[in-house]
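The two complexes that follow have subunit A in common; it is paired with subunit B in the first and with subunit C in the second.
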Partner chain A sequence: MARVVVLGGGVAGHTAATFAADWLGKDHEVVVVTPNSKWNWIPSNIWVGVGQMSKEEVTFDLAPVYQKAGITYKQAKALSLNPEGNASGDKPFVTIEYTGQGKTGQSEEVTYDYLINATGPKLNFAATPGLGDANGLGEFTVSVCTADHADHAAHEFAKCIEKMKKGERQKFLIGTGHGMCTCQGAAFEYIFNIEHELRKAGVRDLADMQWISNESFLGDFGIGGLHMKRGGYAASSRLFAESLYSERGVKWLIGAHVNKVEKGKVSYELLDGSMGEEEFDFAMLIPPFAGVGLKAYDKAGEDITATVFAPNGFMKVDAKYDAGAYENWKASDWPRTYQNPTYKNLFAAGIAFAPPHPISKPMSSPNGTQIFPTPPRTGMPSGIIGKAVAHSVCDLIKKGPSAHLHEASMAEMGAACVASAGKGLFDGTAAALTVYPVVPDFEKYPGLGRDLDYTFGEIGLAGHWIKHILHHLFMYKAKLNPGWTLIPE
Partner chain B sequence: MKEIEKYVKPYDASFTTMVPTNFVKFFRTCKIWQLFRFIMINIKMLIVVRKSH
Partner chain C sequence: MIKELITYPDERIKYISADVRKFDDELFELLENMHDTMEHQALDAISAIQIAIPFSAIIIKEGEKILELINARIIVNEGVNEAEEKSAYFPSGFSATIKRYSTIKVVYENRHGELQHLNVNGEFSRRIQQQVDFLFGGTLLDKMAKENRTEAEKKLSNEGFIAGESCPVVFVRDYFKRGAKYLLVLVTLTFILPFFVSPEMRALVYMLDKYALFGVILLMIIYFIYGQYEGKKYKQCTSCQIGNIIGTVLILSFQLLIVSLGVFLWVTP
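This part shows the complex of A and B:
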């Protein structure tokens, strides 16, 4: 009997674990190690953050689902890997520390035959003074990164609406809280959902809406923007983004590195090197992501973290990490199998794998401050990668070490994305987008980097309906209800 | 066009963007048109999803 250990129970980890358990059956064991007791459909946190959904609607308990799937569930966080075992044995293991199940604080060594690292990111609030610290979110801003954060944001937002109903003007500042953030799309959704709710509450005229982000142009979204066919042109996402911001009365500040957050005020540096300040009454700033800080040790106990993980804490996989400057980047730099090059029974999926380089062009201010979006690895690509990795591991177990590994390069896959711009069955809107491929391939598609036949987008009520249906569809799938394997990632 | 009158200011950043007219905005929430777009977007997305797996 082989044991597959999956670290993390998010989109990538949950997908990998549930498919592995389904494909391996009872002959082998699948173990999930995650510090959370609940699964969270993160895209709907946006609606929790404006009070349009409860956090219970976007989460469910993992324990009964894993029991149903025959998965061993350990509510714990991983601390370190010993891919060669230790002095007392050759069996590789991961050291975990429980965060629940009545064993909080207890440590355990969990041996494995194959390990899938899908821990997701550490929300690095501490990277920006005032945005938070090592314990998480600070006191001056809100977040929608977790269901609890979003619930807190909704309460703070409700207080603002109350003040506005009494005639008090409020300023909303939404965007990224550091020069090296990703997930601009989540902030994009949040600012337009805030704006939509203010309209519904009849207080929009008392709101000043301000966007701040590290993108060098609006509509970059960490993927270097995209182009769509419209009116006989291949039009840039910048045109559509700027159009929406203008239409909704949202001012934008881009190329910004937020370097300090204080009560009611952020300080920032722009790509041109200038410094500035922006005041706010309500701010939601996405933190930068980092690896969760897993350590790795060899058999002798020597620290080999730098061998297994990149400096940012994400796990090294089969990517080309020495591509160099932007001009040298190729689609083939991106990983295909997500297998660790040193330890062949280690894989990474979702945000946990170390990308070879960003997708957006790196930029820095004259002061040397790096200000550009880091690459997104969430949503559909995350699920597809998790499934491909699970498939590879299952084949390695069933067919032996010479089994062909399954591939899921972000430079060869597309992604469908639905960005809400306001919730409402008949007055809601969302931008429905597809991009193909996620990582532009300028050799295959010279000029724009993507296939214009499969890259498109439009905003409207249909997009909102799709986002709402996807919420229920993916909650259904994640609960492993009948037919769950038929629903694509 | 109320939004244009309210939010777009000459030589502000919003002045050089394209802004939707009432015609475009009407169709964004026109239920019959959006039902058609719902079907079309789903077909397009399913093609991309199929190509990506």
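This part shows the complex of A and C:
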């Protein structure tokens, strides 16, 4: 009997664990180690953050689902890996520390035959002074990165609406809280949902809306932009976004690295090297992501973290990490199997794998500060990679070490994303985007690196309905309800 | 070398210009060609896409000075104003009132790949914004309100500048969908007839309803097949067409099922 340990119970980890358990059956064991007791459909946190959904609607308890799937569930956080075992044995293991199940604080060594690292990111609030610290979100801003954060954001937002109803003007600052953030799409969704709710509450005229982000052009979304269709015409996402911001009265500031957050004020540096400040009454700033800080040790107990993980804490996989400057980037730099090059029984999926380089054009200010979006690895690609990795691991177990590994390169993968711009059955809007491939392939598609026939977007009420349907569909799938395997990632 | 300027209604202007990745002889040659073309055409600015090269490069005159803006981005804006604009892409008699930012901050690279920036306002800011729009596939038409744009396109068309076939306003498949829906509504209306008509007439209505339901199925099949054809033909026009077609057929099937149940359980003599 082989044991597969999956670190993380997010989109990638949950997908990998549930498919592995389904394919391996009772002959082998699948263990999930995640510090959370609940699964969270993160895309809907946007609606929690404006009070349009409750925290309970976007989460569910993992324990009964894993029990149903025959998965061993350990509510714990992983601390370190020993891919060669230790002095007392050759069996590789991961050291975990419980965060629940009545064993909080207890440590355990969980041996494995195969390990899938799908821990997701550490929300690195500490990277920007005042945005937060090692313990998480700070006191001056809100976040929608977790259901709890979004719930807190909704309460703070409700307070602002109360103040506005009493005639007090409020300034909303939303975007990215560091020069090296990803997830601009989430911030985009949030600012337009806030704007939509303010209109519904009849207080929009008392609100100043300000967007701040590390994108070098509006509509970059961390993927270098795409085409949008609006009013029967195709246009670049920059023209679409500029038009939307203008139409909704949202001011924008881009190419910005937020370097300090204080009560009611952020300081930033722009791509031209100039410094500035922006005041706010309510701010939601996405933090940069980092690896969760797993350590790795060899059999002798020597620290081999740098061998297994990239400097940013994400796990090294079969990517080309020495691609060099922007002009040398190729689609083939991106990983295909997500297998660690040193330890073949280690895989990474979702945000946990170290990308070879960004997707958007890298830019730095004259002061040397890097200001550009880091590559997104969330949502659809995350699920697809999780499933491919689970497939590889199952084949390795069933067919032996020579089994063919399954591939899911982001440079050969399309992705769809639905970005809400306001919730409402009849007045909601969302931008439905498709991009192919996610990572530009400049050799196959000279110029932009994308197949423009499949890189497209459209905004409207139908997009909102799709987003709403997807919410229920993916919650249904994640709960492993009948037919869950038929629902695509 | 002087190159030909692309002009309305040449659709290549809509192509989004790729970032310049290599600052080499090929780029220098492109800049020389842009410069020669700009001088030959007596323009005060030109972007690479105007000579049909989709790379993010602009040459613009600022008084006597000539600036080369590679990979230009507008990162900060202040204020908005409206003014009448012309563009070398459109016929000389064409102009439009366009809203633009009054003051902008632009970052760009020079021909050696070094990051530069400009803080500009007034007419120069307006010209830079027009050129940056070209880089992202935008023309004056994209900055106009939909009604004004339609009117402007009509005016251009009347002057003999006819844009090529792009995305149809109405897809043919939608006529089949509409036909199926009308038939379903018609059949639904017959549900009240059993209250008023004789048993013979009721039998006739029942028979006609059955033909109508068969017609709905036929229209749905045509909608589905023709929809697939149109979806592939106009795949650049909208996203998820095939998904929408399948969704529409599912919704219609559900409606058909409900109406059919009504016919077979209620209208039946």
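The definition used in the following text is that the second predicted complex is superposed on the first by the 480 of 489 C-alpha atoms of A that agree within 3 Å, B and C clash if a C-alpha of one lies under 4 Å from a C-alpha of the other, contacts with A are read in each partner's own complex, and residues count from 1 in each chain.
Going forward, contacts are C-beta pairs under 8 Å (C-beta built on N, C-alpha and C of every residue); 3 or more make two chains touch, one makes a residue touch a chain.
Small disclaimer: the values here were computed from a predicted structure and weren't measured.
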item: Combined model on subunit A where subunit B meets subunit C, clash or fit; value: clash
item: Subunit B versus subunit C as contact partner of A:23, first or second or both or neither; value: neither
item: Contacts of A:432 with subunit B and subunit C, given as first, second, both or neither; value: both
item: Subunit B versus subunit C as contact partner of A:321, first or second or both or neither; value: neither
item: Subunit B versus subunit C as contact partner of A:456, first or second or both or neither; value: both
item: Touching partner for A:60 - first (subunit B), second (subunit C), both, neither; value: neither
item: Partner chain in contact with A:216 - subunit B first, subunit C second, else both or neither; value: second
item: A:247 touches, of subunit B and subunit C: first, second, both or neither?; value: first
item: Partner chain(s) touched by A:140 [first = subunit B, second = subunit C, both, neither]; value: neither
item: More subunit A residues in contact - subunit B or subunit C; value: C
item: Touching partner for A:484 - first (subunit B), second (subunit C), both, neither; value: neither
item: Superposed model, subunit C segment overlapping subunit B, candidates 22-30, 58-66 or 94-102; value: 94-102
item: Where subunit A meets both subunit C and subunit B, residue numbers; value: 239, 246, 251-252, 416, 432, 434, 454, 456, 458, 462, 466
item: Complex contacts: residues of subunit B adjacent to subunit A; value: 3-4, 6-8, 13-14, 17-20, 27-31, 34-35, 37-38, 41-42, 44-45, 47-49, 51-53
item: Sites on subunit C touched by subunit A in the complex; value: 14-19, 21-22, 54-55, 71, 73-77, 99, 105, 107, 115, 117, 133, 136-138, 142, 146, 166-167, 169, 235-240, 244
item: Partner subunit B, residues of subunit A touching it in the complex; value: 239, 242-243, 245-249, 251-252, 380, 384, 413-416, 426-427, 429, 432, 434, 436, 454, 456, 458-463, 465-466, 488-489
item: Subunit A residues touching subunit C - in the complex, by the definition given at the top; value: 216-217, 224-225, 227, 229, 231-236, 238-239, 246, 251-256, 270-274, 326-327, 329, 361, 363-366, 416, 432-434, 442, 447-449, 452-454, 456-458, 462, 466
